[in-house]
Structure formats: structure tokens, C-alpha cells
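I'd like to ask you about the structure that follows.
Note that the chains are named A, B and C in the order they appear, and that numbering of residues resets to 1 at the start of each chain.
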Amino acid sequence: MRGPARLFSPITDHVSLITVMSFAERMLKIDRRIIFLVIGLCTLLPLLYPVGLPIKISSEVRGVYDHIESLPEGATLVLSLDFDPASKPELYPQAIALLRHAFKKNLRVIALTLWVSGTGMAEQIVTQVAKELGKETGKDYTFLGWSPGGQAVIINMGQDLYSAFPSDYSGKPTKGLPVLEGVRNLKDITYLVSLGAGRPGVEEWYVFGKDKYKFEMGGGCTGVMAPGLYPLLRSGQINGLIGGLRGAAEYESLIDQKGKAVAGMDAQSATHVAIIVLVIICNLFYFSMRQQKSVGQG
Amino acid sequence: MIFLRRQLPIIITLITGLLFAGQYYVPHPASEQMLTSATKWMQIIGGFALILGVTSLFHQHAVKIGRQEAGWGYSLVLYVAMLGTIAVGLWANGKESVDGAMTAFGWVYNFMMVPLQGTMFAILAFFIASAAYRSFRARSREAAVLLVAAVIVMMGRVPLGEYLIPLSGDLSSWILNVLNSSVRRAILIGVSLGAIALSFKIIFGVERSYLGGGKE
Amino acid sequence: MDATVFGAWVATGLTLLIFSFLYKDTPLFKFAEHLYVGVSIGYTIVKTYDTVIMHLIVKPIVENGEFALLIPVAIGMLMLTRYVPKAAWMSRYAFAFIVGMGSGLAIPRTISSFILKQVEDTIRPLLSMAGPDGLTFSMNLLNPASNLNAIIILLGVSSVLFYFFFSIEHSGVGKAVARTGIMFLMIAFGAAFGYTVMARMSLLIGRLTDLIEFSDASYGRPTLWLVVVTIGVLVVLSRRAQREPPQES
């Protein structure tokens, strides 16, 4: 039996090689809707049946939290909500968590947006959290609304806040608002956090704001932008960075008020693992195909 | 006329450019007052620029409807949606809510614009997964390095990844804070140098493409 | 029907219309796409009218007599001459002002923020002073400010800048430096890819969270009903497409 088996083995090997090759090729060309389904299920199932894995706090997020924690009561926080509905899932929970923290610390909050399409959402976020914590508009906080010009608004606020925003979102004159007492321009604020989804965002607030008006500043951003802001973090130009949904989940954990970001972390885990598995499978098939080709050529 | 059409705009750019670059180094009250006024002007001009940007779509779709070109029905949907939003917006004085109560404009924003824009970007999740499966291959040493870094960061930034491979959290943090920072810093310095060079070219009239519009 | 409940139905329906693109580019998606553009333009126009015309121009002029604001209004109007072919050249004054001022404002601030500050942080002391005893060298990789990491950052910044900026032929030592730069770049691109995946998945999580919320009985379960309707419409459209003879190209 040993003889014929040896005799036939190259043929059987070749047949199996062809089978493997075509299988690998077929697998690499599967209908993309199958991958869509896998990703859809990996997102949906953990949202329906959460596990609640613990979330480790990074030094980047802690930077913003610790600074707000160190501020005295009545200090002014400018919160610039520079995003639109396209980035809502990442930046909305960040804004909610930051505002909850600021209001609990009894800071005076000056909120605004530099993104026209984010105005409605920004107003809703500020009003919702203020209502939840019993804060009064004009006294404890103000929402200035939106103004066009991006960098021009930042510089104008740095020169004269009342020139950039003569009235707040509701149309009330900003001059004389108790929440703005002692604040003439950006030089008089204690801390600024920009939650940015692009331009204008964190970088513009630094270049056209902090560079000249010297206030302390932190940032929050989408996952896509986060790696690009690390140089500013390392050089101390911003003292903390909340990156994406993960950053929001960390902040929610820090203030001990878990919300949408923490709830989304299980789904985030599942989708990441799914993509890693897909990449590994893709490479296994790719290498098996390459091996077959080199064997075939040899 | 050639002076008015060609040279005067370049002179305006030169003067405003040098004036506002120099202003940074002259903190005299008069200089600061000029900056305050000019940036206020820029806010107003920025509003007009925004209108110019969005209304360029008007003409394009109006032509489509007028000629009843293929897909003109969709252009009609666009027009109806736009005019409807403007109507409810003006009716609500441009406010999404008044004293905490949602206006019709707020309703259009919350229940139409937010889900539409949000979902438009959310579907990218599926395509990035499909692209990763089809083309994220270790074809070379460089591609393999990229792939390994991506996998470490993907693992290290989610609780399950940190739970399965505890080291991945610290490793991804090091990649982001040190290796990624150094590269992004080099890119930031390079891009900034390029932007400054371009700004000087604009101010001194070497780069004029921004003038565009109209016959010479 | 309550406005919020009706809103939940509309929001769910529009979300599903866009998701239908995952199956195929159908008229459902095209409808939602154009609706989105229309609503966005309308929203921007209303907000610009309310903020710029009413709050930044009319109110200050009428209430405080700030007539100097008519100057930017005139510049803004010049911009709109782009729509009149014969007068379009006049828009150049507006663009000249904006671009000139923008460039002037950006030059010193960019030098200060992104060049000087970034270079300053890159060229850090490679040894630290530790108490009265003298110099130390910290090797802790997990501390981004450690001396070892300072050297790695210096190496990364220099090699990447060398790779991008020196157009001389990369050979000998230059080749080694450029190769190092490429490796650093690949790692950063990998990190960027990882974060992009994270961001995209977060957006999907956000939309699905809303759909789950709208599957609640208090809204009349729009998600469940509308998923069935959307699938039904897609099946009908697919069948109709199969029945139609293929168009000649």
C-alpha cells in the first residue's frame, strides 16, 4: 500500500491545492453583504444583551477631568460644541458627561458652537443637562448659539466677547448676564474645552485662541481626529484629550454616571474583535493563495 | 479697468495680509481695536460666504428640474425639503426651541436632519469593515507593520481587547503617545511650513487662483 | 399623534431608507439622500439669516446705530456678484479681503503654535535632573515624558521630516534614516486606521441605539414595523428589476 500511496500523493496534493486555492479565492470574494450582516449583528447583539466589561481610564481623559475637578466654584468654563449630527454618537455623550461634571462643580458655563448644523443639538444638550441639575439660564450658564467665521469668531471673542456674541441663543443681550460677570473676553475665562469633529475645532481654538489669550485648554474629538491631536497633548498645549466614544465612556465612568457611551462599549469591543478576525482570515487566505501560486510556479 | 479688475484685488490682499500679520506683534490699543473690528466684519462676511456656498447647489438642481433631466424628481424632493425647512424656520424665528418647547423647526432638525446626517455617516462602518477584509493584507514588510499596529490599537482601545490581552492597552497607549505623536508632529510641522509658504505666496500675489470669477 | 411619537416614526423611516443602501443603491436611498441635502441647505439658510442678518447686522444697526457694520455688508454683497456674470469680477475684492486677512492672521499664529511649540517639545533634555545627586536617565516606556521616549520622539520626528523633505537620493546613512521614517509612518498609519475603525463603529452604535430606543412600545414600535415595510419594498423593487429586460449599454 505504501508504494501506490506515495505514487498518488503528488496528484492528491495537487487536487487539494486547487481546492484550497479556489476556496480561498471564493472566500476573499464573498458577497460584501455577508460582512455587513456580521458587523450589524456584532453591533446589535451587545446593545441588546450588554455584558459591562470594566473600562480602564487613560491619562489623556483624566487630564480634562482632573483639571475641572481642581477648579473652584464659580470658575468660568467655555464649552465649544464644534460638531454636527454626523459625529453625534461620539461627541454627544462627551458633551453630556462634561456638562454634568461642570454643573456639579458649580462652574459657570458659557456654551457655544462654531458649526452651524450643530446648533440645534448643542442647544438641546446644554438645556437638557441644565434642567437635569436645576441650573438657570443667564445665571448659571448661557448658550451663545452659533456665529459664522470660525477663526474670526475665536479672535473676536478673545478681543471682546460681547462683540462676537451681542446676544445669546434666545436673543437676550449678553451684556449684563450674571453668568458673564467679570468676563470681558477670553483672557478672563478659567478653562476652555472644545469638542471638535473637524475644522474649526480643537486646533483652531489653540491657534487663534489660547496662543494669544493664554487660557488653559482641554480637548475632545472624534476617533478619526484623535491621533492627530496627540502632538498638542504631548507638548502641553492642551492638558487633556477625550477621544471618541471610548473617551466619552471613560469620562462617564470618572463622574460615576454611566450613559450612552458606556452602554456602547460592549458593541465597540465586539465590532473591533470582528474586524480583527476578518483581517486575520483575509490574510490567511491571502497567504495560502500566494503559497499555492509559488508552488504552482515552482 | 484692468487695474480695477486685476491689480487692485492683489493690492488689497497684500495690504490686508501684511497688516494683520504685523498686527500680531503690535499690541497697541489702536491695533487691538482694529483687530476687534476686522474680526467682527469677518463674521458677517463669513455669513455671506456660507450663503454663497450653499446656494451654488440651487442653480444646479433648478436646471435639472427645468430640463426634466434624468433624476429630476429627486431634485424636486431637494427643493421641496429646502423650501419647507426655510418656511418652518422663518415661522419659528430660526429657533429650535422656545422656553424648552420644541418648535416645528426643531422637529425638522431633530427628526429629519439628525437621523439623516447621522445614518449617512454610520453606513461607512460597514464599508470600512468590507474594505478591511478585502484589502488589508500584509503584502510587504511595511504593510505588515501597519497591520500589526492597527490590530494592537484596535485591541487596546476596547475593554474586551484589554481583558483578553492585558498588555494591548499599555502598548496601544505607547504607540499613540510616543510613536504616533512623533509622526504626527513631523507632519504638523511640515504642513504648517507649507501653509505659511502658501500664505506668503498669496500675500505677495504669486498665488492668485483664489480670485477666480469673472472675465479679466 | 404626539409630535415626538410621529417624529420617532419619521426618524426611524429615514434611517432605514439610508440603510437600504447596504443592500443596493435604490430609489429609497436616493430619495433620503436628496431630502437630507435639501433639509441641510434650508437649515443653514435659516440659521445664517437669523444669526447674521438679524443678530449681527439689523439689531446692532437699529438698536445701537453701529453703521460701520454696513462696510462688511457691502463686502459680503460684493461676494454675491458671482451670480451676475458681467459683475462677477467685483467679487474679487471680497475674496481679496478675506484671503489676505486670513493669510495675515494665520502666519504668525501658525509659526508660534505649530512650529515653535512643537520643535521646542521635540528638543527636550535627554537626561533629567534628579535631586541633588545629579543626572538620571528614565527608561519607563509607559511614561510619555521619560528620557527614553524623548529620544524615540526625536528619532521619529527627524526621520519622518528627513523622509519627506530631503529630495536627495536616499542611499547609505540617508537610506537607513528614510527607512526608519517609513516604519514610523506605517505605525502611525496603523494607529490612525485603528482609530478610524473605532470612530466608524461608534457612529453605527449610535444609530442602532436610537433604533433600539424607537422599538419601544411607547412609540408604537416604529423600528419593528418599518423594518418589515423596508424589507418588503426592497423585495418588490428587486423582483421588478429582475423582470425588466437588461438595458443595452
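To be clear about the criterion, a contact is a pair of C-beta atoms (placed from the backbone, for glycine too) under 8 Å apart; a residue touches a chain by one contact, two chains touch by 3 or more.
Every value quoted in this text rests on a predicted model; they were computed, and no experiment measured them.
Using the average of C-alpha coordinates as each chain's centre, A ends up farthest from chain B. At the centre of the protein atoms shown, by the Cα-centroid criterion, sits C. Just count the C-beta contacts per chain pair and the biggest one is B-C. Centroid to centroid, with C-alpha atoms defining each point, chain A and chain C lie 12 Å apart. Distance between chain centres (mean CA atoms), chain B to chain C: 6 Å.
Taking each chain's centre as the average of its CA atoms, chain A and chain B sit 16 Å apart.
The set of chain B residues that touch two or more partner chains comprises 24, 40, 42-45, 47, 49-50, 95, 109-110, 113-115, 117-118, 120-122, 125-126, 129, 132, 147, 150-151, 154, 157-158, 173, 176-177, 180-181, 184-185, 188. Residue numbers of chain C whose C-beta contacts span two or more other chains: 22, 40, 43-44, 47-48, 51-52, 56, 105-106, 109-110, 114, 118, 121, 144, 153, 188, 191-192, 195-198, 200-201, 203-204, 206-207. For chain A, the set of residues touching two or more other chains reads 36, 39, 43, 86-89, 116-117, 119-120, 147-148, 155, 212, 226-228, 231, 234, 246, 268, 271-272, 275. By the touch rule above, chain B contacts chain A in their complex via residues 24, 32, 35-36, 39-40, 42-47, 49-50, 95-98, 100, 106, 109-110, 113-115, 117-118, 120-122, 125-126, 129-130, 132-134, 136-138, 147, 150-151, 154-155, 157-163, 169, 173, 176-177, 180-181, 184-185, 188. Of all the residues in chain C, the ones that touch chain A in their complex are 22-23, 40, 43-44, 47-48, 51-52, 55-56, 59-60, 102, 105-106, 109-110, 112-114, 117-118, 120-121, 144, 153, 188, 191-192, 195-209, 212.
For chain B in complex with chain C, the touching residues are 5, 8-10, 12-25, 37-38, 40-45, 47-52, 54-55, 57, 71, 74-75, 77-86, 89-90, 93-95, 102, 105, 107-126, 128-129, 132, 142-143, 145-154, 157-158, 170, 172-193, 195-196, 198-200, 202-203, 210-216. Listing the residues of chain A that touch chain C in their complex gives 33, 36, 39, 43-44, 47-48, 86-90, 92, 116-117, 119-120, 145-148, 151, 155, 166-167, 171, 206-208, 211-212, 222-224, 226-228, 231, 234-237, 243-246, 260, 263-264, 267-268, 271-272, 275.
Chain A makes touch with chain B in their complex at residues 28, 32, 35-36, 38-40, 43, 53-56, 58-59, 84-89, 116-117, 119-121, 123-124, 127, 131, 147-150, 152-153, 155-156, 159-160, 163-164, 169-170, 212, 226-228, 230-231, 233-234, 246, 265-266, 268-276, 278-279, 281-283, 286.
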